[in-house]
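Next up: the structures, one after another.
One chain, chain A, links the two complexes that follow: it is found with chain B in the first and with chain C in the second.
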Partner chain A sequence: MTEVVLQADGLTKRYGRRVALADCTLDIPPGRVVGLVGPNGAGKTTLLQLAVGMLTPTAGRITVLGGRPGDGPAQLAKVGFVAQDAPTYANLSVKDHLRFGARTNPSWDQALADARIAELGLDPSQKAGRLSGGQRAQLALTMAVAKRPELLILDEPVASLDPIARREFMRGLMAHTAEHRSSVILSSHLVSDLERVCDYVIVLTDSRVRVAGDIDELMGSHYRLTGARRDAADLPAGAEAIEHSHTERQSTFIVRSLVPVEDPSLTVEQLTLEDLVLAYLSRSVAAHRPELETAR
Partner chain B sequence: MIEFHLDGRSGVAPYMQLIQQVRQALRLGLLREGDRLPTIKDVVAKVAINPNTVLKAYRELEYEGLVTARPGVGTFVARTLNEEAGAVEPLRVELRAWLRRAQAAGLDPESIEALFATTFRIQLQESA
Partner chain C sequence: MIWFTWRQFRTPAVVTAGALAMLAVGLLVSRGTITDLYASVAACQSDCGNAVEAFLTRFYNSAGGTVYYTTLAIMYAAPPLIGIFWGAPLVAREIEAGTHRLAWNQSITRTRWLATKLGLIGAATAAATGLLSWAVTAWASRVDSAAADRITPLVFGARGIVPIAYALFAFTLGVTAGMLVRRTVPAMAGTLAVYTAAVAAMPLWLRTHLAPATHETPALDMGNLDALMIDRSGAVAVEPNDVTNAWTITNQPITPTGQVFTGPVDPTRCGPDLPSGSCTEWVGSLGLRQNVVYHPDSQYWTLQLAETAVFLGLAAALAIVSFWWLRRRLS
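For the complex of A and B:
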């Protein structure tokens, strides 16, 4: 197995003067379920499309499973991709989709595809256009996993699904991951979609990576501190303020600290993943549009 | 066989919730020595969580000596948590007497819970 699933170094994508992704540096270890989170328009799709080779970088470098994205059939076979809104062919039946998958993918696993379709209770002769949104998403996932990729990339796979279909989709995805040990990168603009399934997170806003890492490590190194009003400069050594807010008497900080914060004058609390992600998101908002800080 | 569930709002890490559910099932006698735990694939297919979370929980339970993993076969309960069962019943009787006194003193359920939780935390800190 490759040592690194995805490596990016100064990766940048511009469309004319507009920057879609700026100076992105990442090192994703194998076997992870990576959540790529950020608001709409942050650059998530651009990063994922660079990873599958649908886009080429303007500057910098990206390596996926040791190869250049989209570079020949061997590289394409290693990566399964489900684009946003799970595109399927409305006039083709479920069976036609599988036949198409078998023809176009040398590593196609027909038994796996058939088993998944049966498990989902889909009628093979049904036209994709007549499937529900959840069923279409499952069909698109089946197409991607049946080629037995080492890495599965999904762009907002559950954004348009209702809560039950979301859960069903994630159950299928996790079962596949457990059985085939593949790595997964999936994007969402909602942390709640990713919380249970991911063990690695990348926070992307305004075309930049704000934080990336193992969720357990991030959770173990971020705290909420509250206490009497003070400056961020007066925080305990080693604590970097990610977010701070103040009232007349009280200060609240979200900090990153690699050592436990031991200051008796501060109340130290653990964060949820959502708190942590929001702190990084609002930090970039505050940096770019300071006038918005009070409105949030 | 036990079935896992996750409480997204509890603030307890998912792998710890799985561990607590196994321990609880052992205490209640729902799991006995020799019982098989669900496979990682079964758990993730049911609960929609990361396989590594389940693996981490099972490893921790193994480290505690509560389960044994037999590669290719499954994860099995190695011992029960009922050893203290003899001590539990008298403690329950005392606790119920205390709860009756708290109610008689006019404390509502929330106040009783808060009193218990804070005292329990202090006790844990002092005995640590």
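For the complex of A and C:
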């Protein structure tokens, strides 16, 4: 597992004139739990579907675990995927689903699947259509993990779940990744879903990647600066303003800086992941609504 | 994947097998009627025309006649029903429910996924319609030979091997339509419309070109007319009987110079005041010939094989389109 998990280069997907993903360049190292965060319609699903080969790129290139997504049984076996809303066959039982997985995946781990189903308290003869949303998501996750993939991709796995099911799902996912050391990419429109489980984050808005990197590195290179009112141009050298807000006498900046900020006239604070993501999200909103900015 | 295809197909397969079994019982029970009625024909030594006529009249009016027309309807309904209920939902329902995203992310390519489904359910299609057609053709064989009409359009499409090819065409049509439209109900409607047009086009325009028709112009035999009608404007309609034991395409009286004969009537030779039979005598004296184009019963298997080949070819083309679409466009 030394190879890069996902590599994208100028990756673009268009539907007619509509751009779903524009010029996406990524390099995700192995062994990470990657959070893909962005508002609804940002292109998260498009990126993940490109990564499993459900979609083909309009332009650019994507390789997953060194191969072209969806290209042949070997590549399919390496990637586990839980699609948005965790689709299952409503009229087939839990057992039928597991048997389907067992018959179509050479690396299927029946013991793992059975253990998970037992742990979740699911009745194997229950039809999937009669399961709750949380149970269906768990069934889909069980199918994805029991094929023992090197990379697990989950598209908004908890979006439709209530808070308890959400926590249960995340707990199950974490237990699995801790035990099997597979890489994970999961998307959400809520930072809080990802905060506790991810060690790498990609912020995607308006079909573009705004920032991507290890959370520790990002946290170590972003600060909140507060001081007497000033312009962004007057910030210390090397500090790039991501977001700024001003009151009459005071300015607050969220900046990216690879060197520690040492300016006695500014108060330097650490950010939370949520602050950091929100800063990048609001920057792209601001860039798209200049009239709003001047009106302030 | 074979197991999973069977698991998804189990219910329709059982329903179809049940329906076939019920039909088989119906055919076995009513087979006695045909055998009983046919006894007089079987016993007939010479000049059996009347015995055959009597057999057919009694058969069509018996319970066997009801079974006969029912099987005819079933033979025409089975292929489009397979296209609508087995073909159209095969991919469309997966796309509607989103389950294709589950199925295509197991460790099998979607090409193999589709190949298994097309192969197994296609085989079931051929087996079901093959059995059905064999049973109905065998059951109706005495009636068909007595009526000498197995090559005529209505019976032709409900006997022999063409129903198998119709059904395979309908099935692949349904699958392809479902893939293109991505929604089950519109795909079903589209399948029915296209299937009906294709199958109706065969007897109307295309089938006659599958084997060379026989073209003859014998002298018009006044003793072998279906109808002779004269209307008030003086137009004469002469309708010779169709060729026996054949599928008649064209059948019209022509003048010695080759024009279609439509009159006008000669009032001095044929009119309301003249004795009966005078019109027949007058038309007989005109030297008319009969322009007849037909396919004799001897071409039955040639036409069956050719039409089967046409629909198997269409089914294969649709299967190729569905694989291409699955790989290139369905994303």
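We adopt the following convention: the second predicted complex is superposed on the first by the 289 of 296 C-alpha atoms of A that agree within 3 Å, B and C clash if a C-alpha of one lies under 4 Å from a C-alpha of the other, contacts with A are read in each partner's own complex, and residues count from 1 in each chain.
Here is the rule we go by: a residue touches a chain if its C-beta (ideal position, glycine included) is under 8 Å from a C-beta of that chain, and two chains touch if they have at least 3 such contacts.
Quick caveat, the model's predicted, so the values are computed rather than measured.
Enquirer: Is A:178 in contact with chain B, with chain C, with both, or with neither (first, second, both, neither)?
Expert: In the superposition, A:178 contacts chain B only.
Enquirer: Just checking: does A:272 make contact with chain B only, chain C only, both, or neither of them? Give me first, second, both or neither.
Expert: First partner only, chain B.
Enquirer: Mind working out whether A:195 is in touch with chain B, chain C, both or neither, as first, second, both or neither?
Expert: first
Enquirer: Of the partners chain B and chain C, which touch A:80 in the superposed model: first, second, both, neither?
Expert: Only chain C is touched by A:80; chain B is not.
Enquirer: Quick one: name whichever of chain B and chain C touches more residues of chain A.
Expert: C
Enquirer: Is A:232 contacted by the first partner chain B, the second partner chain C, both or neither?
Expert: In the superposition, A:232 contacts neither chain B nor chain C.
Enquirer: Which partner does A:120 contact after superposing on A: first (chain B), second (chain C), both, neither?
Expert: neither
Enquirer: In the complex of these two chains, what residues of chain C are touching chain A?
Expert: It comes out as residues 1, 3-4, 7-8, 97-99, 101-102, 104-109, 331.
Enquirer: Which residues of chain A touch chain B in their complex?
Expert: Residue list for chain A touching chain B: 31-33, 167, 170-172, 174-175, 177-179, 192, 195-199, 219, 270, 272.
Enquirer: For chain B, which residues count as touching chain A in their complex?
Expert: Answer in residue numbers: 6, 8, 11, 13-14, 40-41, 44-54.
Enquirer: In the complex, go through chain A and note every residue touching chain C.
Expert: 52, 54-56, 70, 72-74, 76-77, 79-81, 83-85, 87-90, 92, 96, 99-101, 103-107, 140, 143-144, 147
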